[in-house]
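So, here come the structures, one by one.
Two complexes follow with subunit A in common, the first pairing it with subunit B and the second with subunit C.
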Partner chain A sequence: MASRNKRLAREVADCQKDSSKSGITIRLVHPDSLDKFVGTFPGPQGTPYEGGTYEIEIEAPEGYPFQPLKMRFITKVYHPNVSSQSGFICLDILKTSWSPVFTLRTCLVSLQSLLSTPEPNDPQDAEVAKVYLTSRERFDETARYWAQVYAGAPSSTSPNGASESEGGEDKQGRRAAQLAGIDWGIADELGAPWVVRFAEMGFEPRKVVEVLQLLNYRADNRERVGHEAVLERLFS
Partner chain B sequence: MKITINNYHAIALWRWNLKAGLQQHQPANAQPTAEGEEEEEEEDDDDDDDVCGICRVAYDGCCPDCKTPGDECPLIWGECTHVFHMHCIIKWLDTESSKQQCPMDRRPWVTAGAAAPPPDAPPAPRQAARVA
Partner chain C sequence: MSSDNSQLPLDQRKLSDLTDYEVASLTQELKAEEASKRPLVGEVEPLERLSDEYKNETFLAKIASLQRDSWTGLRRLRGDGDCFYRAFAFSYLERLIPLPPSAAQLALAKVESLLPLLDQAGFQKDIYDDFYEPLRDLLLALGPDSKLPRPTATSLHASFNDTETSNAIIVFLRLLTSAFLRANADDFTPFLFGLEDDPRFMLEGGAPTMDQFCSFHVEAVNKEADHIQITALTRALSVYTRIAYLDQSGAPPGGFGAGAGENGDVKVDFVEFEGESEEKLNGALLYRPGHYDVLYR
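This part shows the complex of A and B:
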């Protein structure tokens, strides 16, 4: 235990020394315990995450460094290998490929590079991975929007900045759908404002999309289906 | 001028001779400069070369379980040329997750020699200067 703590204390100190260069920071959650940390790193350049700052919850197990660190995104991030709900990460080095030469800092660097190189074929969030594989454009737009809303990225990094001026209900609906982690291509097609309206009643947004698709609740068909039928499905 | 030395107190410094160890244990086809891991970035913590990657204590120090550096806590070389405190790599190889692989390059760990070369091998001058 003593050696584990000594090593961890040194890692935190070393990281503080070069944090101005790397942009990576590590701090203790409780000043007198070396079990939990919060790490941060900047979103990698040239990605939708650029300009954002990502906070990671880190837990060092008792067997560290012979057992892997546990890491989770605190900052919400839209990425195939990170759960958009819980922040859990799918990354081999934190599981089967752990090595005792890894440190708090090198693991944060690995997460940073995971953001630039998604592995959609080994996803943590299947929904996000599906969008990534079907439309990079839609994926990038949502990931960028999440970076702005949750990670503090400036909205000027958006190449679609021009179209950012407050649009109508459709635009707002699309934004809300994006925040809910819905493939907004599908939300747009169903009519994003309707999707959002049901979601705002407290239903899981992804379930709303599922039900609306199932009932073909769109355009002229909406009246025929009726929103009672939708609610009934949602409650079942 | 005449100086009479009444008595003197000899002080010696030692270091593990890592270079000699490398040459001695290195198979002919090994690439000593091959950096295996993704976490090796441009900026190197310049003492990273001199610490055991597992405990992050200097090679010349001892592993966290030992009190005295030196023969009590020897270094060990893999055929891949990576060096660790012997006690540290044994602890790692004892875990299931190690899969008997070198922590640096994940190749199967094969010990290259029983232990480090004798510490009385002539140290490289630069190393000696650094210690002094």
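This part shows the complex of A and C:
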């Protein structure tokens, strides 16, 4: 136990020393305990996560460094190997391939590099992995959007120059869908403005899309279904 | 009814009520519990006790053949993925006890000479120093300049049953093995193997690179040592090691029926590592499939 604490204290101090260079920070959750930490690292350059800052919950077990650190994303991240709901991570070095030479800092670096090199064939979040494998463009766009909303990445000046106001509702619909981690292709097809309208009433976008799909609330059919029917379903 | 039941801990429920998954986790729990009851390093016990555990005639004949070769004692070690390194470390240090202090001094100098390989392999000095300390302290205590009482078999046994000391020594040996493999990658790479169907190695045609091999099969906790790791570690430290393989090999077809010959026909294979080393010492390790113990004459 004594050498565990000595090592952890040294690790935290070392990381503070070079944090301006690496962008990686570690702080104690309780100032007098070396059990829980919060680490942060910048999203890797050249990825949809660029510009974002990712917060990680870290727990050092009593048997550290002979037992692996437990790590979880606090910041929501759209990535095949991270649960979009819970932040749980699928990474072998945190499980069966743990080595006692790994440190708080090297594990954060590994997570940072996991963001640049997803392993969609060994996913934590099967839905996200499916999108990654079938439509990289859509995956990148959603991941980038999550980075902006949750990880504080600056909004990109969009490449085709479309501004917020132009087709604003349409864009918002896509965003609402992206935020909920749902396929915006489907949301779009349903009529993004409608998705937004119901979502703005406070319903979960994922559920809105589900209900609209169920009722086939689209195009000419909208009038026949009626928005009361949608609301009824949403409230049920 | 079964819902009341499912509130009970797994080991208090009827086996037939459990799902496959629950049976699997129960097995895992029992194994871990069983392993943790056993001391990391046991006392020396008579080798013949091993005969009580086997009905298999090949095994029994081999144990008898070991006894005829005057192997009499066995020190059992906890059966986890670390047991080779634990067995090696214990017997390496125990063999130094009756030797003059200069032997330990020499051994320490050898270890020190390997430290630059650890740096080359990219291990951080302040990290590996923590793991090195317990081994270095034991070698120093066995050496000529020690002011501490000289370790005995009893004190060594106690040190190795201290989880932290034991873990640190094992990790340090893993790092030495890894660093030596990396430094001699040209010699060892042709012998690398991958676990079949391990998706991590698929892209490389099934065989891991040296870096992958060292990360996944040497440095990672609880990963068993195979021939290649054993060769690397004994060569790195120039420590003569021999391993008695107590396994099924050499059983006559059809087993030992009447007239199949005397049991003496079956010999235990000893494999020697680092055979060029000058000091041929008396110890050996005993391998049974998946496990290593220490053997004594």
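Definition applied: the second predicted complex is superposed on the first by the 178 of 236 C-alpha atoms of A that agree within 3 Å, B and C clash if a C-alpha of one lies under 4 Å from a C-alpha of the other, contacts with A are read in each partner's own complex, and residues count from 1 in each chain.
Operating definition for what follows: a residue touches a chain if its C-beta (ideal position, glycine included) is under 8 Å from a C-beta of that chain, and two chains touch if they have at least 3 such contacts.
Since we're looking at a predicted model, the values are computed, not measured.
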Clash or fit: how do subunit B and subunit C relate after the overlay on subunit A?
clash
Applying the document's definition of touch, where does A:Ser110 land relative to subunit B and subunit C: first, second, both, or neither?
first
Just subunit B (first), just subunit C (second), both, or neither: which does A:Ser236 touch?
neither
In the overlaid three-chain picture, which partner chain does A:Asn121 touch, first (subunit B) or second (subunit C), both, or neither?
second
With the two complexes superposed on chain A, say which partner A:Phe66 touches: subunit B (first), subunit C (second), both, or neither.
both
Under the stated touch criterion, name the partner, subunit B or subunit C, that contacts more residues in subunit A.
B
Which partner chains sit in contact with A:Ser97 here, subunit B, subunit C, both or neither? Use first/second/both/neither.
both
One more residue to check, A:Ser3. First (subunit B), second (subunit C), both or neither?
both
First (subunit B), second (subunit C), both or neither touched by A:Lys21
first
Classify the contacts of A:Gln45 with the two partner chains as first (subunit B alone), second (subunit C alone), both, or neither.
neither
Considering 27-35, 45-53 or 225-233, which region of subunit C has C-alpha atoms that clash with subunit B after the structures are aligned on chain A?
225-233
Considering each complex separately, which residues of subunit A are in contact with subunit B in the first and with subunit C in the second?
3, 7, 10, 66-67, 96-101, 103
Subunit C - residues contacting subunit A, complex:
123-124, 126-128, 130-131, 164, 167-168, 171, 174-175, 199-200, 215-216, 219-221
Sites on subunit A touched by subunit B in the complex:
2-3, 6-7, 10-11, 14, 18, 21-22, 65-68, 96-103, 106, 109-110, 113
Help me check something: in the complex, which residues belonging to subunit B touch subunit A?
37-39, 41, 43, 45, 53-56, 63-65, 88, 91-92, 95, 97, 103-104, 106
Looking at the complex, which residues from subunit A come into contact with subunit C?
3, 7, 10, 66-67, 92, 96-101, 103, 121-122
